[in-house]
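Note that chain A is present in both complexes that follow, paired respectively with chain B and with chain C.
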Partner chain A sequence: MKYFFTIFIILLIQLSAAKYGVVVTSQKSEVEIPTLRQLRDVFLMKRHYVGDTKVLPINMLLASTLRQRFEKNVLKISRERLNKYWIKQHFQGISPPITQASARSVKLFIKNVEGAIGYLPLSLVDDDMRVLYEF
Partner chain B sequence: MRFFLILFFIFTLLANAGHYELGHGVKLHEKLRVGGYFSTDYEVSETKRLARLDDVAVLAYGNLTPELSYLTELEAAPYFQRDFRANTQAYDRHFHKERVYLDYQYSEMANFRLGKQITPIGYWNLEPINVLRETSSNPLLSSKMFPKFLTGLDIYGYLPWFNSVTYHIFMQNNRDIDKEYINIKNEHFFGISLENEDSMDFQYGGSFGEFITEDRKRTHFAQLNAKYELSNLSFQSEVALNHIDNHVTTIKSYKFAAYLQSHYRISAKHALVGRYEYFNDDTTNISNHIGIFGYSYRPIYPVSLKAEYQWNSDEKLNKFITSFSVLF
Partner chain C sequence: MSFKLKTILLILSVSLIPYILLMLYAGNILRNEYRKNAQSEMQTQLQLSVERIEQYLQTLKSDMEFVVGLDTMNDIFSLDLDRRISHLLEEKKSSLQLDGDFHIIDTSGKIIASSNAKKLSQIMESNSFFTSSIYSPFDHSLIGTLVVEFSLKNLTRFFSNSETRHYYIIVDNQNIFFRPQEFTQAVHVGMNLKSKPDIQIILEENGEIFSKLLRKYENIFIIALIVGALLIGIISLYFTSRLVRPIIKLSKVADDITQKQDYSYQVDVSSNDEIGKLSKSFNMMITGMSNALYELKLESDNRIKLTQEQSKNEMLEELSSKLSKYLSPQIYESIFSGAQDVTLTSKRKKLTIFFSDIVGFTDTTDKMESEDLSELLNDYLNSMTLIALEYGATVDKYIGDAMMLFFGDPQSRGVQEDAKACVNMALAMQDHMNVLHNHWRLKGFTKPFQVRMGIHTGYCTVGNFGSENRLEYTIIGSSVNLASRIESAAKPNEIWISEETQLLLNNEFNCTEQTQITLKGFMRPITLFSVKKYESCDFRNRSIEEDGLSLHYELDKISPERKNSLKLELSSLIEKL
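Here is the complex of A and B:
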């Protein structure tokens, strides 16, 4: 009984960790820790630098639950309003951040591309990554 | 015929684009995204019954390097118009250079935009096309108070120590790239604008500067703007004052324009809009109060069907306008 209870607790912790998101960059990257506003501006393509470092934001696919959580807690904007925002930006010649199909490909992108910033489930963060913001 | 060819071209692109969402353009290459828009309107007043295919435009943009990007936009407006009361019609099928510029992102605090671009003043001027507006008509402030376009250099970025404040310092000391396609013809234009984004819902700012028109009138302008957005209700307002110094006649005069617009979203697709405007011009002795009440239907955001009635203090100018516009 004790054995099953321990497994249940471990599973529960892992499940909650999978829902817990972090904004990360590569350990090699010189990106300073951004404020929440800077982070929002970066993912809305209003700001292309954090401090002296050029940054490249990476999104997950539209259907991703982590992306929905990121939009709610970091961008603090509804999907409908975000869609309206990007349509207006299209007229200004600005496209949304590039997307990657999975959290693992986001991770790979961040490790290989200088200045890349993305969000991942906490469970995928390793020693090669630096956490910039938790959400 | 050319219009239908453009539509055919756009639809062919869209059909070949795979995943395409209206209003977001088509990515044809890593360095090229294309889009376009058109608008049609129908206006009825005491003197006119006018049907227009107003804007027909194509735009292309992309990143050449991580720091360098470009945008080009060609537009014909009004592409075709027919006045049923006067029984006249007119065409302008020449595609004008509305925007042609390069953008260089140097740092958080300093970026450079060189070429013909929208003048970075206020809100209305930055989203001038029918489909992005909430009314078919434009307030007089947007066309009478400063040149809509700048053919020159804009230095812009975030102000140091103010995380939410952006600035623009813009300058022009030459003629417009497409001189026939600008509201105020000028060869000298300089200005500074500041904008504070207090939150996504509340923003305010202002600008000042000067321009010299072709007929040698030096105008100093000052302008303020603010907008506030609640979940279903939004307000937007701009005020501008011009001091005009005529070098030929040495007469000095003032021009003033302001508007306050509110927009109420009944549901995701339906909205009501109201606007009050005031315009006063010493030189021409024109003073006008304008009230507008309108309805907007957007089945999806980049498709807009609008209708409005305009009351003017000069009743002869009262009019009904309806429009249909799409952004590709």
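Here is the complex of A and C:
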């Protein structure tokens, strides 16, 4: 029993340490690969361009685990702080990024909208996608 | 047409006709007003319904505008894979209780989200009721359209239909929807939706109900009109009767008076108005006329009496005038003046009695025709009588050619003056005989009358003698006989008087003693005198009548030419003489 429990913990650590999500854009998109900082600024709506290309960040729903992972690993801001940040931005006329309910719809959105950047589970990435960042 | 009928017609025409016209005009106004009010009420009801519809459509439109502004619309890009838009539309449809569907179509017209899942991926073909464009929040490009597939049935929930009133919808002025039934007679009002001008909401009411109600009001109105007209008629009749009654009374009384000529009628009117005053005046006039007629009748009666009396008097006058010719004027006057009673009375009085007759009258009558004799005698007696009356003699009687006169009764100027008047009269008669002789000569009577006259003054009995039925005013006594005897004793063309008379003349006349005669019944002889005028030197008037000589002239009456020719004739006569 102790053995199985140890194995589960090790697997859980392994899983949490593995690269699970990726920030992608359309293959046709001309968006350059951003730095982490640029990526953070894009999703915090501080930056709208990466290089010369206008970008459109796509979020997933708040309840999404991928979004939680994205916020933790990419934005590196706790949910509490993030909420305060968006409240503050709201009064300055800045809204959070567009949300999509599912990873499939994010993928479809990115395909259909030029300059759209979103994050997906690594498993959903196909040839039409270009990975900009892994987390 | 009677005055009453005329008055009634006049009052009716000035009251009833304007009343009926006014009522008809008012009725027409009220009917129009009722129709207008009914339509206005329908219009108000329709307005409320339309407002509620407009409000509903506005809510629909606002909700659609709200929906297209939501971030969820970005799911268009992901073809609403998560059905978030569809859920939203379903909720909206549910909240609006919409009979129809909301659809999101992309720019190619394909339905990518809908409240009706069956319609997904279909191409939207029909015209949508409302549309709202959806723009991309990041580049503001058109990414889709929210359309509503709207059934007009949604609007019927705001219609409160009843048996007599219902709503329906006309689209594009030709297509009619939701009309429950069509009334035979309908009143309807309509209104276009502001948000959808091609949709017209019509509120229709059964015209029969409306007409029935209107007829009911019209019947009430007609009854009111008739009752009012009857009231006006009755009031008019009442007041006309009251107004006209005194005039009719007046007329009836006037008729009665005219027909019966009875002026005792009076009009019984108690009012104080003009008619009352007229009636009082009429009564006063009738009373005045009655009095005037009574006075006129009295006057007429008096006049008739007077006329009768006058005619009687005239008859009496004529009769007395005729009778007077048989009487001496003095006697006539004294009788008619009442100075002398027509009774058998007599008195003793000293009178001067005159007798005259024509000498040889009986012989003359044998020689002349009776007509000529009558003319001569009448001429003679007439002339002598005129002279006698001129001198105041009382003609007692004519006895054939003889005349018996006396002085001193019934009027007397005194015995002496009466005697003088008698002698003067006799002289005048003697003078006038010359005139008569000329006159008779001209007529062809060559043998003139010769008259002798006798006068005596003495006491006589004078008065009415005879019977109660036949009276004669005369004198009787010996003096009368003596006067007659003196006249018989007198020579032709002479006047003889008794001594008693001669003594009364005071030598004013040329008296010559002639003889003494003794008469029967007289103790002593009586001395008689002939009387002549004293010759005067006045030759202006001269009258001589003798055998072989007849001369009479009045110088004042002869014209100057005749005087000249007379001068020549007299000169020639003087030479011959």
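FYI, the second predicted complex is superposed on the first by the 116 of 135 C-alpha atoms of A that agree within 3 Å, B and C clash if a C-alpha of one lies under 4 Å from a C-alpha of the other, contacts with A are read in each partner's own complex, and residues count from 1 in each chain.
The definition used in the following text is that contacts are C-beta pairs under 8 Å (C-beta built on N, C-alpha and C of every residue); 3 or more make two chains touch, one makes a residue touch a chain.
These numbers come from a predicted model, not from an experiment.
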item: Chain B or chain C, by number of chain A residues touched; value: B
item: Partner chain in contact with A:Y49 - chain B first, chain C second, else both or neither; value: first
item: Touched partner set for A:F109, first chain B, second chain C, both or neither; value: second
item: Partner chain in contact with A:A101 - chain B first, chain C second, else both or neither; value: second
item: Contact residues common to both interfaces of chain A (with chain B and with chain C); value: 56, 95
item: Residues of chain B touching chain A in the complex; value: 23-25, 27, 33, 35, 37, 59, 61, 66-67, 69-71, 103, 105, 107-108, 111, 126-127, 129, 132, 158, 163-164, 200, 268, 301-302, 327
item: Chain A residues within the chain C interface of the complex; value: 56, 95, 98-102, 104-106, 108-109, 112-113, 116
item: Touching residues on chain A, where the partner in the complex is chain B; value: 35, 37-38, 47-52, 54, 56, 76-77, 80, 83-84, 86-88, 90-93, 95
item: Footprint of chain A on chain C - complex, ascending; value: 71, 74-75, 77-79, 81-82, 84, 137-138
